[in-house]
Structure formats: C-alpha cells, structure tokens
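Below, each structure is written out as structure tokens.
Two complexes, one shared chain (chain A), two partners (chain B, chain C).
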Partner chain A sequence: MVVAGSHKYVSLARASLEVILTYRLSFLMNVIGTVFYVIAMFYLWRTIFGGNSAALGGFTWLEMKGYLLVAFLMNSLLTWYDEFMIGRGIREGEVASDLVRPLDFQTSRFAQAVGPVPTELATALLVAMAVAFAFGGVALPPDPVYAAVFVVSAALATLIKFGLIFCVAMGAFWTTGLYGLTTGRIAVQGVFSGALIPLAFFPDWLRAISAVLPFQGTVSTPALIYLGKVDGTAMLAMVAVQAAWAVGLIVLGRLIFRRAVRAVTIHGG
Partner chain B sequence: MAARWRAVTRPIYLYFRLLGQQMKAIMAYEADFVIYAGSAVLVQLVGFIFIWTIFQRIPTINGWTMWEVVMMYALIFLTEGVGSLFFEGTWGLARLVYTGKFDSFLLRPVSPILQVVTADVGLNGLGNIVTGFILIGLSVTHVSLEWTPGRIAMLAIAIVSASAIRVAINLGTAATVFWTRSPWSSVPMFVHQLGDFAKYPLTIYSLGVQVIIVIAIPFAFVSFFPTAVVFGESPWSLPGLLTPLVAIYTVVLAVVIFRVGLRRYEGAGN
Partner chain C sequence: MPLIQAEGLTKTFRQADKDAGLKGSVKHLFIRRYKNKVAVDNIDLSIEAGESIAYLGPNGAGKSTTIKMLTGILVPTAGRLHVDGLVPHEHRQRNARNIGVVFGQRTQLWWDIPVIESFNLARDMYEIPEATYRANLAEFTEMLGLDEFVKLPAARISLGQRMRADLCMALLHNPKILYLDEPTIGLDIAVKDRIRTFVRRLVDERGTTVMLTTHDLGDIEDICERIVIIDQGRIIHDGDLGKLKDTFARDRVIHFQIARGAELLPALLPSVRAALPDSTVEAGDDGSLSVRFDRFVFAAGEIAAAVMSRAEVEDFRIDEPAVEDLIKRVYLGQLTLADRPGSKAAPAPEPAAEAAAR
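On to the complex of A and B.
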C-alpha cells in the first residue's frame, strides 16, 4: 500500500527536478554565487590558522577545511527557494486545490523539495572538490564507519531542515512577509547550527543555547561525525537527537498546517 | 538659469514623489515591515557574533583589529541597506522587461532610470541602515581616534561614496538584462555575492581575488579602503583616498551601460 501510494510523490519530486533542470543557467548562477562565500571563509580561516599546524578550538587547519566543506554541502541542500515555493502556493491560493487532491500536503511539499536534491548535491560536491583541491586538500572521515554514520546523519539533517522550512513557510498563512521570516530562519540557523563557526568556538552560554535547539542537527552533528570527533555511544546519541528533532519538527509542521487550514476554511466558507 | 536649475531639481523631486508612493503601498502591511526590518537586524547581529567569536581566540587578523573588521562588515550592510531602501527597483528590472511592463516606462516623459530605481522599496533596508550605523558608531568609539573635522568629513564621504558604488554596481549589472533577456536577476545576484569577499580585510586574499574586488568590481572601495582611510591604516589609506573618484566612475559607468542597453532594447523593435 505504501509502495503503491508513493509513486505519486515520486512523480511530484521528478517534476520539481525537471523545473530546476529547465532553468539550469539560473540554478548554476545561484550555486556559483554561494561559492564566493565559501572561498572567502577559506581565506579567512587560512589567515586565522596562519599556516601553523596548531589546533584552534580543537580543530587543525586540515580538519577546519573539512568542516567548512561539510557545512557548505549541508547548506546547499534545501534552500530559501523551498520556503518560497511552499509560501507562494499558499499565498496564491493553490493550497485550495491541494486540499482537494488525494495527497498529503506535507508529503507533497517534501517530495517537491527533495526532487532537486540530486542536482544540488552533485553541484555542491563538484564545487567542494574544486575548493578542496585549490586549498591543498581536506580531512576525510578517519574510517569507513564514520563515513557511513555521516551519510545517515546528513540525511537526518536534511529532514530537520525540511521540518524547519515547512514550519516557517506556514507563516505564509498569516503574513505576506515570508521572505523576511526565511531570512531570519537562515540567520538564526547560521549561528546555532555551527555553519558559521564550529560550536566549540562559542563561549559556554552560547553553546548551552545551541544544545537545546534543533539547529545543531543540520550542520554541526554531521560535520563532527564526518571528522570523527565523536564516537561510540556519544555519536549514536547525537544521531538519536537528530532523529527526535526531525520527527518533532515534522509533527509540529502538521499541527500548524491543520490549524491554518481550519482558519482558512472558516474565512473562506 | 532658472531652466537649468529646474533640470536638476525636477528629477530629485520626482524621485521622492515616486519613492513616496511605493513607501505608502508597502507601509500598508505594517507586520511585513516589522518582519523585514527585524530580519535585517538579525542577519547583522549574526555577523557580529561571528566576528566577535573569532576575535575571542585571536587578537588580530593579518594585523586588523576586531573593530576595524566590524567597520568593514557594517559598511557592506549599511550600503546594502541604502540600496534596498532607496534603489530596490533595480532588482525588479529583469522582471519588468520580461513582463513587458518596462515598455510603459518608455512612454512617460521621465527618465527610465529614475522610474526603475523607484519601482520598489525594500523595507529591510531600514534595519540594515540603522544597525549599520550602530556598528560603525561602536567601531569608531572603540578605537582611540582623534576626531578632527577632517576625519569626520572623511567618514561621511566614505559612507556616501561606498553607497554610491554599491548602487551603481546593482544598476549596471541589472542593465545586463537588456542583453541576456533573462526573467531573473541572475547576473546582478551573481555579482552581488562577490560582495562577500569585501566583508573581510583585502589582505587575506590572494592576488586573483584582490584584482577582482579592487579593479573588476570595486567592492574593496565599499568596505576595505574606506575603513583604512578612516582609521588611518597606511599604506592602504592612500589608495583609499580614491574612493570618491571610484564612486563617480562606477556611477557614470552604470548609467552608460544602462543607456547602451536601453538603446539596444529599443532598437530590437520593442
């Protein structure tokens, strides 16, 4: 039954991927644009490490490069564009016909968001390899176990990110300023996910705040696992926390959606 | 004489009238205004946290202190704010051309550039301008400087010039739509992202990047050189004195690109 029903979502995902491929120049420009940020970060951290091999905040320069690239990779999967698309559907009333269809609203949006992920992933990997090459190589996972757990963790990170994006996009039911909300989401996520700077660099109070928020699961957790900075039960616990946040945020998104639809139904008769 | 004076004042009057109308339209959505301005403040706060965290670990980056880097960062966001609040329309040029709305601009007896820049208002700009000024204020008060009238004038000129360069880059790159006919602002966005390099001292980059942001797209004159001038950091303060000239140059260049593009657009039978 699950398999029989899932093909509808697969075609939604494929259609969404095709849209991206049609406008590939525009997509490519967007990706290359984000590369400047990564390159600037590499120069900045190279200067900070100053060519010496001493660790800073528990990271060597080689590890830092690996961390920056994993952060870049995670940031490339699902973007503001997904919030924009969900929000536009709500604002322009498409949501009304979505409600009539025999499809789950959140699952449909998820399918459309992950459809382009293969392209996002491939381009980001290509860019990451080019940058890694230009800056003299990066640290790789110290053993295949870390690599395998990293893949699981990265997948969960993408689920958490979708959960966040979906919740924020629900804002479109109440405001036309969704892009502002998205900007805010990206800013807050940048700090507390460890995307801007590894959480280990933070003072204790800032690290304590990051620990109780879902954001660290989107970048910091997969990056630390990639570098083999945690192991054994600690690593598994981190992955479990990610899974819990993914489920929690997706359920939260469903609750908000249900509430919003009720409001819309009342207003619209 | 009076006619010549009118030729100067008329566009300025029109600019504020046109922009005022957009402001009114947008202010109708009060909550949006709060959200956009708030998100801009949040973005800058995050940038500040980043710089602050780094400088908790190391005293200087290539000899640049924290408040100098904060100044560079603030100038990038302040000028971005000026672009959003007063000249946001450049970002919509691609869409205007694509949908054909741009043609109606050509029928009116008002400069098309004036109409394009006033076609939209980005209220997030207000958040960026206010926070930008606060960060610049914090920055200059944390470094012991002698506030001679000359230095104050330099700071003012630096801010105005940096904003002009930023807006000129937006306008000049937006005008590429006359050639590309893309419905999106891909080229302007692409160039805009180069500004990420200018958030940090020029000296951390290798020659290739330096050439790009000093000569090709002069982002270094938006943040790095003005900062060097205000803080008197030689030898960088010397080329920094060129900032107003670079501003004039980029504005003239942007207007020329726009006019050439426009002629091409009209020539194509539109």
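On to the complex of A and C.
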C-alpha cells in the first residue's frame, strides 16, 4: 500500500462508506443477523461452562465472554460482501475500467473494503456493549499496554483478513463459483481462527496445523492479547507473525492479480 | 511526432479449440488445444493531436481490440505502439492520465451515490487541481445540461443523462485523447445531437483528440474528419469522408426527365450512349433517362451537356451514394481493397491503405 498519493484512496473509501449508508435497511438487517449469532454463541458457551466458576481450557467464564466479543468484533469487520464485490467487479469487466484509470487495483479494493469499517466497528461495539451488559459484564484488558497492543493486533487482523478475501476473490478470474470459495474460506477461517472454539481447546495436532496457518491471526491472536493471556515477548512475537502474514497474503494477492491480468491482457480472457 | 503512432500493431488471441458437444467439452478437459485468432492484423495508424477519427468496422472486425491496446488494457502481440510517447500497457497509470474513456455500454459512475460524488471522486483519483476541476465542471455542466440531475444517484437517471454524465467524468482531468466506444448507442435524437455538438466543440475549442467507434453515421458526419475502417483485423480505408467516397463510391447517377421522353427515347439512346463511353445509360418506363458514370471520367456537367444537347430536359437530379450504403457495402465485404473501382486511376496513392494492402 503506497502512502504517497493516498488521498484518492481515502476518497474511494469514503464513497464506499457512503454507499453502505445509502442502504441503511440492508445494513440494519445484517446487524440483526449478527446479534442473533453472538447471542447464540453466548448461550452455547454458558451451557458449556454450566454455571461453573472454574476455568475451562484456561478461560474463566468472564474471560470467555471477552473472548467471544472480540471474536464477534473481528468477524464484523470485512465480510463475504467484500469478496462478492471484488468478484463481481472482475466478472463484469471492471478490471478494464480500472486499468484505464490511475489506480492500483488492490489498493482500490482495499480502500473500498475498509471504507465501511467505521460503521461496522461502531455497530459491533454497540452490540458488544449491549450483550456484555445483558450477560453480566466481560473481562477487560489487564492494563493499557495490552489494550494498545490489542488495537495494533486487531488492525493487523483486518489486514490479514483483507489479504485472504482478496486472494479468494481472485478466483473470479477462473471460476464463476466464487460463492463456494467464499463459503469455504469462512468455514475454514471459522475453525482455524479460533472464532468458534478457542484454539486452546484443540487437540495438539489440530493446534499444530492452526499454528502454521494465517487464520489464527484474525481472531485468536487479538483475543488472547485483549485478555492478557500472553506476556511481553510472546505477545510481540505473535504480532510479528501477524504482520508477516498480512504482508505475505497481500503480496500473494498482488502476484495472483498480476498473473491473472497478464493472462487476460495477453491471451484475451 | 504524432500523438498516437502504431506500426505493425498486431493482436492474436488464444482460443480454446474444442469439438462441439459434450464429448468435445470432456475431451478438452484432458487435452487442451488452442488455436490463434488474429484480431488485429499488422495495422499502421498515425494520429496527430487534434484529429477527430471515426474508427469503423463490422462487429468483430478488431475495433475494440485496437482501442483496448491504445488504452493499455491489452498487450499487443507484435508491433510498436506509442501514445503521447508512452507505451500504454507498460505505463498504464501514466497513460491513464492522458486519456479519457467512455464506453457506451458501461458506466464509470458510481451506481449508488449522487453523480456529483462520482465527479468528486474523479477529481481525487486524477488529482485534478481544484481550480481546473471547478472550471471544467462548470463548463461541462452548462454545455451538457447536467445540473438537473447531478444530485441524483446514477441508478436513478436516464440513459441519456448517464451518457452525458459519463462524458463529463471522462473529461474532468483535461485528457489529451478521448476514446468513445459507441457513445450514442440507444440514445434519442435530441441527446445524440447534444453529445455530438459537445464532442465537436471539444475538438474545435480544446484541441482534444477524439477517436470514436460507432455504428451511427450521424456521429461520423457530425464529429469526425477522418474515417478509418477496419475489417478482419486490417485497415481497409484511412482518409476523410470525401476520400472514402472517392475510393469506394466513384459512381454517380443523374436522372433526367425528358420532354416527350417515352416517344423520343428509343431513338435517343444510341446517340447518348455513343457520346458517353464507359457509362451506363438506361431509359425508364416513364420517359426518364438515367446515366451512371464514374465521376473521375466525366464531370456531371459533361453528362448534362451531352444529354441536353440531344433532348429537352424538364428536370434532373443527381444521386450521390449515401455514406450509409457505402459503409454497409464495405461491412458486407462487397467492397474490398482488391476490387476498388478503377484503382489505377485513383487520384493519389494512399499510404495507410497501401500499407494495409501488403
């Protein structure tokens, strides 16, 4: 992502936010959907804890609630809709329009994806606070350092997620079955990110697999940092891994895009 | 140096070569065979700044492929191409600042937000200085009558309004070259006129170079000085409208209404025919006489004199070949370079056409 000349991408993000705000009703419906989801997760985990104050997998019920809300927050930022929009643009030949404008394709798509993040963030926080209140409070970061590192980690998580979404959306160059790929991405990410079940509950072999995948960086890492479950050096190492995955996936996306465009512009689709 | 310079520009596409039916499809899954299709075949094109060019050809002739190479969307297979000194596909973003592109069938406007917001986005995208932006926006708004709908989202304006807004958006950054791909497709006469007048003024007042593809002859006659026709990937004509007529339609027909024609014509015919060799002289049932002649062999006056000296002419009219017919015949492949009428007597050899013929 180039910083110089970033003004145009800021405008692009703003326009994208404006589009979302135009469709208030559809946005509201999505929020309602996620509210049901988060409430269901809370009831499920409350049943698992069974009113015990004892820790499960290293989490107390108070911490688990914090974990679930961070997971909810991270899942609210960037969605299948971003894959859908990038893919639709590719299928409908928007790439050609983009090539005749002084814009970088990936940076433009990034701007359009993060444009609506402020509204996604605001509604997710509202829902999270309401749910936290209804379920008798949640764990907060143990000190401001963890809170600050959590913010950095959450930002990196969003970059990783964009990297994944962009790579998956590139599938639109080769297949019209992007929906299947997106569903697959969400399912795999749901498991390996720790969004459904914290990775601590996994058997060793499954945890070993998730350790070498980028998904844990999208939920597990920021959630563990939020709860102060890791100390200084381990925390920095986790953030460094996140940063590496973010850069790696974004570069990979660029390479796939370049290859696809070369195929299209040289062989003609 | 010309603004657009193409030499031997060629584009070959790879197409899946697959047998018909399910069997063919299955076979293709395992054994991939491809064949090459030449979309643009070794064309030379030289366009100076300020020219307005109609780029014509039947569907599939290679028009869009050429435009896509000029705009940098497609990479040429062979040949050299420079647009304002840049190789478009290598310097895509720099080239993008020099050009404006309007595709009649696709909008650059954002669908869901007010048109004016799309314009503002273009300002930021092309980093247009505020003063330039304001001046251009004011001018285009006035010329194209945009103020009635700029506050509406693109999804809620008519096709004609959308086209005008798209034109404005493509021009806000003062591009040197404007590519228009079927800009008036599906529009009503009034909007067509407005758009043609606007583009013509752009050429006259701002010196913008315009290259347009169209199937609408009104676009050509109102906007363009030069016509380039491409067929099967090759340029078969490059010149102005007059030259097109000289090249492909040298025949004129003069119809004479002769006094007491029905009675006199049988005797008259042989003598007129003798006076006008190489022309076709025919008598009509209603006592009319028509003479089809090559206007490089005879002047219309000579024909008129030859007839009038032999009979009393009550009325006459000259049929010029309609450009529309002409282009239709070119499209249908009824006129090709090889059988250009009387090419030996062609007034001046035409470099581009010669090049395309080799």
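Some points to look at:
What we mean here is this: the second predicted complex is superposed on the first by the 263 of 269 C-alpha atoms of A that agree within 3 Å, B and C clash if a C-alpha of one lies under 4 Å from a C-alpha of the other, contacts with A are read in each partner's own complex, and residues count from 1 in each chain.
Here is the rule we go by: a contact is a pair of C-beta atoms (placed from the backbone, for glycine too) under 8 Å apart; a residue touches a chain by one contact, two chains touch by 3 or more.
Since we're looking at a predicted model, the values are computed, not measured.
Of the two partner chains placed by the overlay, only chain C lies in contact with A:19; chain B stays clear of it. Within the superposed three-chain model, A:96 lies in touch with chain C and out of touch with chain B [touch as defined at top]. Within the superposed three-chain model, A:240 lies out of touch with both chain B and chain C [touch as defined at top]. Shared-chain residue A:180: touches chain B; no touch with chain C. Between chain B and chain C, B touches the greater number of residues of chain A.
With both structures placed on the common chain, the touch criterion links A:7 to chain C but leaves chain B unconnected.
Of the two partner chains placed around the shared chain by superposition, neither chain B nor chain C is touched by A:211.
In the superposition on chain A, the residues of chain A contacted by chain B and by chain C overlap at 23. Residues 29, 31-33, 35-36, 38-40, 42-43, 45-46, 49-50, 53-54, 56-58, 61-62, 124, 182, 184, 186-187, 189-190, 192-194, 196-197, 199-200, 204-206, 209 of chain B are the ones that touch chain A when the two sit in their complex. Every residue of chain C that touches chain A in the complex is listed here, in rising order: 11, 13-14, 39, 65, 68, 71-75, 77, 89, 92-94, 96-97, 99, 101, 103, 106, 108, 110, 112-113, 117-118, 120-121, 124-127, 153. Across the complex, chain A meets chain B through its residues 23, 25-26, 29-30, 32-34, 36-37, 39-40, 43-44, 46-48, 56-57, 175-177, 179-181, 183-184, 187-188, 190-191, 196-197, 201-203, 206.
The part of chain A that touches chain C in the complex is made up of residues 5, 7-8, 10-12, 15, 18-19, 22-23, 93, 96-97, 99-104, 262, 265-268.
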